[in-house]
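The following blocks contain the structures, represented as C-alpha cells.
First chain A sits with chain B, and in the next complex the same chain sits with chain C.
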Partner chain A sequence: MSIMKLSIGPQHPISAHFRFLLDVDGDVVLKLEPDVGYTHRGIEKLAEKRTYLQNLPVIERVNSYCDSAGTMLGYLEVIEELMGLEVPERAKYLRVIAAELNRIASHLYAASLFSVATGLETMLMWPINDRELILDLLERLTGQRITYTYQTIGGVRFDMPDGFKEEALKRLDYLEKRTEDYYKMLLWNHTFHMRTKKVGILRPSDAIKLGVVGPNLRASGVKVDVRKDEPYEVYDRFDFSIPTGKNGDSYDRLEVRFKEVGQSINILRQALKDIPKGPIKKWVPPIVPKGEAYTRVEAARGEFGYHLIGDGSMKPYRLKISPPSFRNLIALPHLCQNIPLADVPIIYISLDLIPMDVDR
Partner chain B sequence: MLQKAKDGLMDIKLFRRVMNWGKAWSLWSVHLETGCCGPEDMARACARFDTERFGTLPFPTLRECDLIFVTGFVTKKMAKRLKIVYEQMPEPKYVIAIGHCAISGGLWWDSYSVVQGVDEIIPVDVYVPGCPPRPEAWIQGIRMLQEKIAKEGMRKK
Partner chain C sequence: MIDKSAEELIVDSVKARFPEEVIEAKVQRKNRVSISVRNNRIYDVGLFLRDELEFDHIASVSGVDYIDMNEFEVIYYVWSINKKVLVGLRTKIPRDNPVLKSLVDVWEGVLYHEREVWEMFGIKFEGHPNLSLLLLPEDWDGPPPLRKDFVLPETHQERLEEKIKKLSSG
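Now for the complex of A and B:
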C-alpha cells in the first residue's frame, strides 16, 4: 500500500482554525503534522507598542475564546509582582470569582464540542445552554458575555451588584444537579465509551516528557495544579481537591473536566461566603519599575506562564506568553501515530486546544 | 382561474418575490471560524438563541451553503483560505462580517499579520459591530440580510 497525504482544515467541522497534514496508509494514520499560524496576530509584539493599561484587552484576547478572566489574571499577577503591589482583599476574591465562573463556562464549552465530535447532538445543546446561565452571571458582574476586561491593575473595575450572591448560589446549585444528568447522558453512555475509552492514551511519563499541562496532564494521573502548588490570589484559603484520571485516555480527559467543574462550584461557594467588605481598587502609578518577573496561573486549559521584562517606562520591554494550548498541541502528533483516521477528531477535541493561544 | 395562475407565473415580479423568499429563509452557514467570535457562533446556533428559526443552519459542507459568517479577525494566512472557501460556494452566496476586527481591523489595527477589514478580500453584505457581538446582534444581522435579499431584482420605489 502506498502512503497518501491528506490535508484536513481549516474549513472543517472539527479542526477549528488548524490544518492537519496526515500521512495515511488506508485507514491508518501514520503521522500527523499540525499546521498552525492561522490566527497569529503578533500579540507579543503588539504588547510592546502599547502601555500596560492599553494591553489589558489585547492580552485578554490571547484566549478570549472561553477563558478571558483566567488569562488576564496571569498578566496582572506578573505586573503586580514586578511592582510589589498588594491588591485589596475584596478585589482578590472578585478576581477569583470571575476566573472560576469562566473555568466552568470553558469546561462546559469543551464538553459540548466533545459530544458533537462523538455524534451526540443532545449533549451539544445541554452544556451550551447551561453555559448561558454562567455567562448571564458574568454579564451581571462584568458587563460583557465573553471578553470582560474586568480585572485591572490594582484591583477590579466594578463591585458585585445587588442580589448577585443569591443568584449565583442558586445557579450553582442547579448546575451541580445538572452535572448528574451529564453523567447519565454522556459519561455513562455506551456509545460514548466505545468512541473514547482507550483512545489516545497518554502515559504519565510521556505527558511529563512532552510538557503537557492542565487537565490533560491531570487526566494522565499526575497531580499538578498551580492553584495548589504555588497559590496565587486567595486560592490557599479554599478547601478543594485536584481531580485526576487513571488511564489518560480521551474519556478521562473529559471526566477530569467535569470533576473540575464540581471543584470550581466548591471554590465559588466558599468565595461567595467569605468575601470581605472593603475597597475594590487601589490607585496605581502607570509606570512599572525596571526588572524581570515570571508568574504562572492555572487557567481553564492549563498553566499560563508570563515572563515580563520592564525597562522603567509605561510600556513593557518584552512580554513572553507561554500558553497552555501550545504545550498541549505537542501531544497531538505523539498520540496520532498508528491510529484509525476516525479517532483523530476525538483525540484533537479531547485535548481541548484553542488555536488563538497556540498562535497568539 | 387557470388563466389567472398562468398570468401569475408569467409575472416576473411575483416569480422573483417567491425566489427571494426561498433564498432568504434557507441561509445555511458554512463552518469556518476565522477569529475569536467562535463561541458566540456556537451560542447563536444552539438552544437559547437558535438561529435555525430564521433558516440559518450551520452546515459542514460548503457546497451546500449560502452564507459565510466571517467571525472576527482574518489573518493573512487565513485570507487565502477564506477566498478559496468563498469561491467554492455555489451562487447565491452572502457574507456577514462579524465583529470590529472583520469590519476594520479593530483592536489589531497596527498588527502586521491581520487583514484590515475583510471587504478587502471578499464582498460583504452586512456588517455586525461588537467585540464580540451578542447573539441578538447576529440575529439582527441575519434579519437585515433577509430584508436585503427580499429587494433583489426588484425595482426601487
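Now for the complex of A and C:
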C-alpha cells in the first residue's frame, strides 16, 4: 500500500478558492484536510476600525454573492438588540422580503453548482436563469443585483416601488411551477440518484456533535431553524414548515434546499399580502451603548451568529461573526474518509460551502 | 411556588453543582444564559453542560482582548436543541500567559473555532490536536492580528497624504 499526497486547488477546485489536501491510496481517499483562508479579508478587524454605519457594506461582503440580505440582517439584529430599538412594522416586512428572495436566489445557485459537479449541465443553466428573475426583483426593490446595503440600522433604505407586489407574485407563481421541471430534470433523474444517493451520509448525532447548521443539519433529519426557535423580525406571524431529510446523504441535502425554496415562496406570499402601511425607517443616533449581545439569524446557508461588544462609542469594541459555512466546514473531512475520489466534489458541493463565508 | 423558566433552572443547577468554580451565572434574556467560570475548571463545567444539561450544538467561540485589564476572555457559545437556550460559557485568562485547556473532547465542533482563536489572539489551547494557521496566510509571522495592540499597516490614504505633504514641502 502506498499513500499519495494530493493537493487540489486553490484556483477553483470546484467552486471558488479552496484547497483540498488529500491522502489517497489508488482511488480511495483516506483523509481530507481542507485548506482555507484564500479569501480572508480580516472583516472582524476591519469592523473594529469603522463606525457601525460604515460597517454595513463591509459586513455584507462576508457572503456577498449569494446571500447578502440574510448576512446583513444578523448584524442589524445584534445592533438593534443592544440599542433596544424597535424597527417600524413595514421595514420588518421589507427586510423579510429581501432576505427570503435572497434565500431563493442562493438555493437556486447551489442547485446549479450541484448539477455541474454531477455532470448534468442543462441544470446549470435553468436555475441560474430563474435566479436572474429573482435578482431582477431584488434590483427593483434595492437598486442592486448582488450587494444591496438595503437594510440599514433602524429600517430599510427604500420603499417598495409601484407594481412590485404584482410582479413579485407573478414570478413566484412561475417559480413554483418551474420547480416541477427541476424535479423531472434533476431530482427524479436516475443518473443523479446514482451519483448522489448514499454518498456522504451524515448521521444526525454526528451532525449535532460537529455543530453543522442550516439545510445540511435539516437534511440529516434534525428539525432546527432559527426562524422557528427564536423568531426574529416578523417570522412568528407566518405559517410555514421546516423541511427535513431522512437519510442525510448528498441527495437529501439538495432536496431540502428545493423544499425550502417552496417554503420561502410561501412566506413571501404571506408577507406581500400582509405588509402594513407606514414609515420604513427610524432615525437613530450612530452610537451603540455599552453592552454585549449575541444574536442568531437563519441565512440561506444556515445559522449566522453575531457577537457584539459595544463600548459606548461609534465603533464596535469586538464583533465576532460565526458564519454557517465555517461551521459546516468540519463536516467535509468527517465525510471524506474512505470514499472514492470522485465523490469528493459531490460531497463538497452538497454542503454548499462558500469559501468567502468560511474565511471572512 | 412559582414555576421557574428553563433559563433559571439551568443557572440554578450550574450554581449548585459548581459553587466554587462559577464566578457568575445569570439569565441575560429569554434564550440566553451567561456562565462565567474560573479558567482552570472550564473543562469540567463544559462536560457538565454537555452531559447533564443537553448543551450539544456548538455555535461559536469568541476571543476578546481586554487590554486595559490585561486579560483575554474566551467565550464558548453553545446551543441546546431541546431546551432552546444559548449558553455563553466564559472565562478570563491573563494576557501574559494565555493558556487554556481545549474543549475539543467535550464538543468536537470547536476544532476549527479554537484554531481560529489561537491564530487571531495567540491563546494556546492545551490538548488541541492541530494548532496551525487556518485563515491567515501560511507565511504569516506577525503578531496575532485581533489583539488590540496589533498595529495596522498604514493605509493607502495615509501613504497618499504623506506623499502630498512631502511634495508640497519640498
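The criterion applied here is as follows: the second predicted complex is superposed on the first by the 357 of 360 C-alpha atoms of A that agree within 3 Å, B and C clash if a C-alpha of one lies under 4 Å from a C-alpha of the other, contacts with A are read in each partner's own complex, and residues count from 1 in each chain.
The rule is simple: contacts are C-beta pairs under 8 Å (C-beta built on N, C-alpha and C of every residue); 3 or more make two chains touch, one makes a residue touch a chain.
All values reported here derive from a predicted model rather than from experimental measurement.
A.B. asks: Taking the superposition as given, does A:K31 touch the first partner, chain B, the second, chain C, both, or neither?
C.D. replies: Touch status of A:K31: no partner.
A.B. asks: Quick check on the superposed pair: does A:V222 touch chain B, chain C, both, or neither? Answer first, second, both or neither.
C.D. replies: second
A.B. asks: Looking at A:R296 after the superposition, I want to know if it touches chain B, chain C, both of them or none. Which is it: first, second, both, neither?
C.D. replies: After superposition on chain A, A:R296 lies in contact with chain C alone.
A.B. asks: For A:Y109, select first, second, both or neither according to whether it touches chain B, chain C, the two together, or no partner.
C.D. replies: After superposing on A, A:Y109 lies in contact with chain B but is clear of chain C.
A.B. asks: Could you look at A:H12 and tell me whether it touches chain B, chain C, both or neither (first, second, both, neither)?
C.D. replies: Touch partner of A:H12: chain B, not chain C.
A.B. asks: For A:H40 in the superposed arrangement: first (chain B), second (chain C), both or neither?
C.D. replies: After superposition on chain A, A:H40 lies in contact with both partners, chain B and chain C.
A.B. asks: Should A:K49 be classified as contacting the first partner (chain B), the second (chain C), both, or neither?
C.D. replies: A:K49 sits against chain B and chain C alike.
A.B. asks: Between chain B (first) and chain C (second), which does A:R140 come into contact with in this model arrangement: first, second, both, or neither?
C.D. replies: In the superposition, A:R140 contacts neither chain B nor chain C.
A.B. asks: Once the structures are superposed on A, label A:K282 by its partner contacts, choosing first (chain B), second (chain C), both or neither.
C.D. replies: neither
A.B. asks: Using the superposition on chain A as set up above, list the residues of chain A that contact both chain B and chain C.
C.D. replies: Dual-contact residues (chain A): 37, 40, 42, 45, 49.
A.B. asks: Name, in rising order, each residue of chain A that touches chain B in their complex.
C.D. replies: Going through chain A, the ones touching chain B are 10-13, 16-17, 37-42, 45-46, 49, 57-58, 61, 64-66, 109, 112, 124-125, 128-129, 131-132, 135, 145-147, 356.
A.B. asks: Which residues of chain A touch chain C in their complex?
C.D. replies: The contact residues of chain A facing chain C are 36-37, 40, 42, 44-45, 49, 208-212, 222, 224, 229-230, 294, 296, 303, 305, 307, 309, 317-318, 320, 322, 326-327, 329-330, 359-360.
A.B. asks: What residues on chain B touch chain A, complex-wise?
C.D. replies: So the residues of chain B touching chain A come out as 30-36, 38-40, 42-43, 46-48, 60, 62, 73, 75, 77-78, 81, 85, 107-108, 110-114, 131-132, 134.
A.B. asks: How about chain C: which of its residues touch chain A in the complex?
C.D. replies: Per the touch definition, chain C meets chain A at residues 31-32, 56-60, 62-65, 75, 77, 79, 81, 84, 86, 88, 107-113, 120, 133-137, 145-146, 150, 152.
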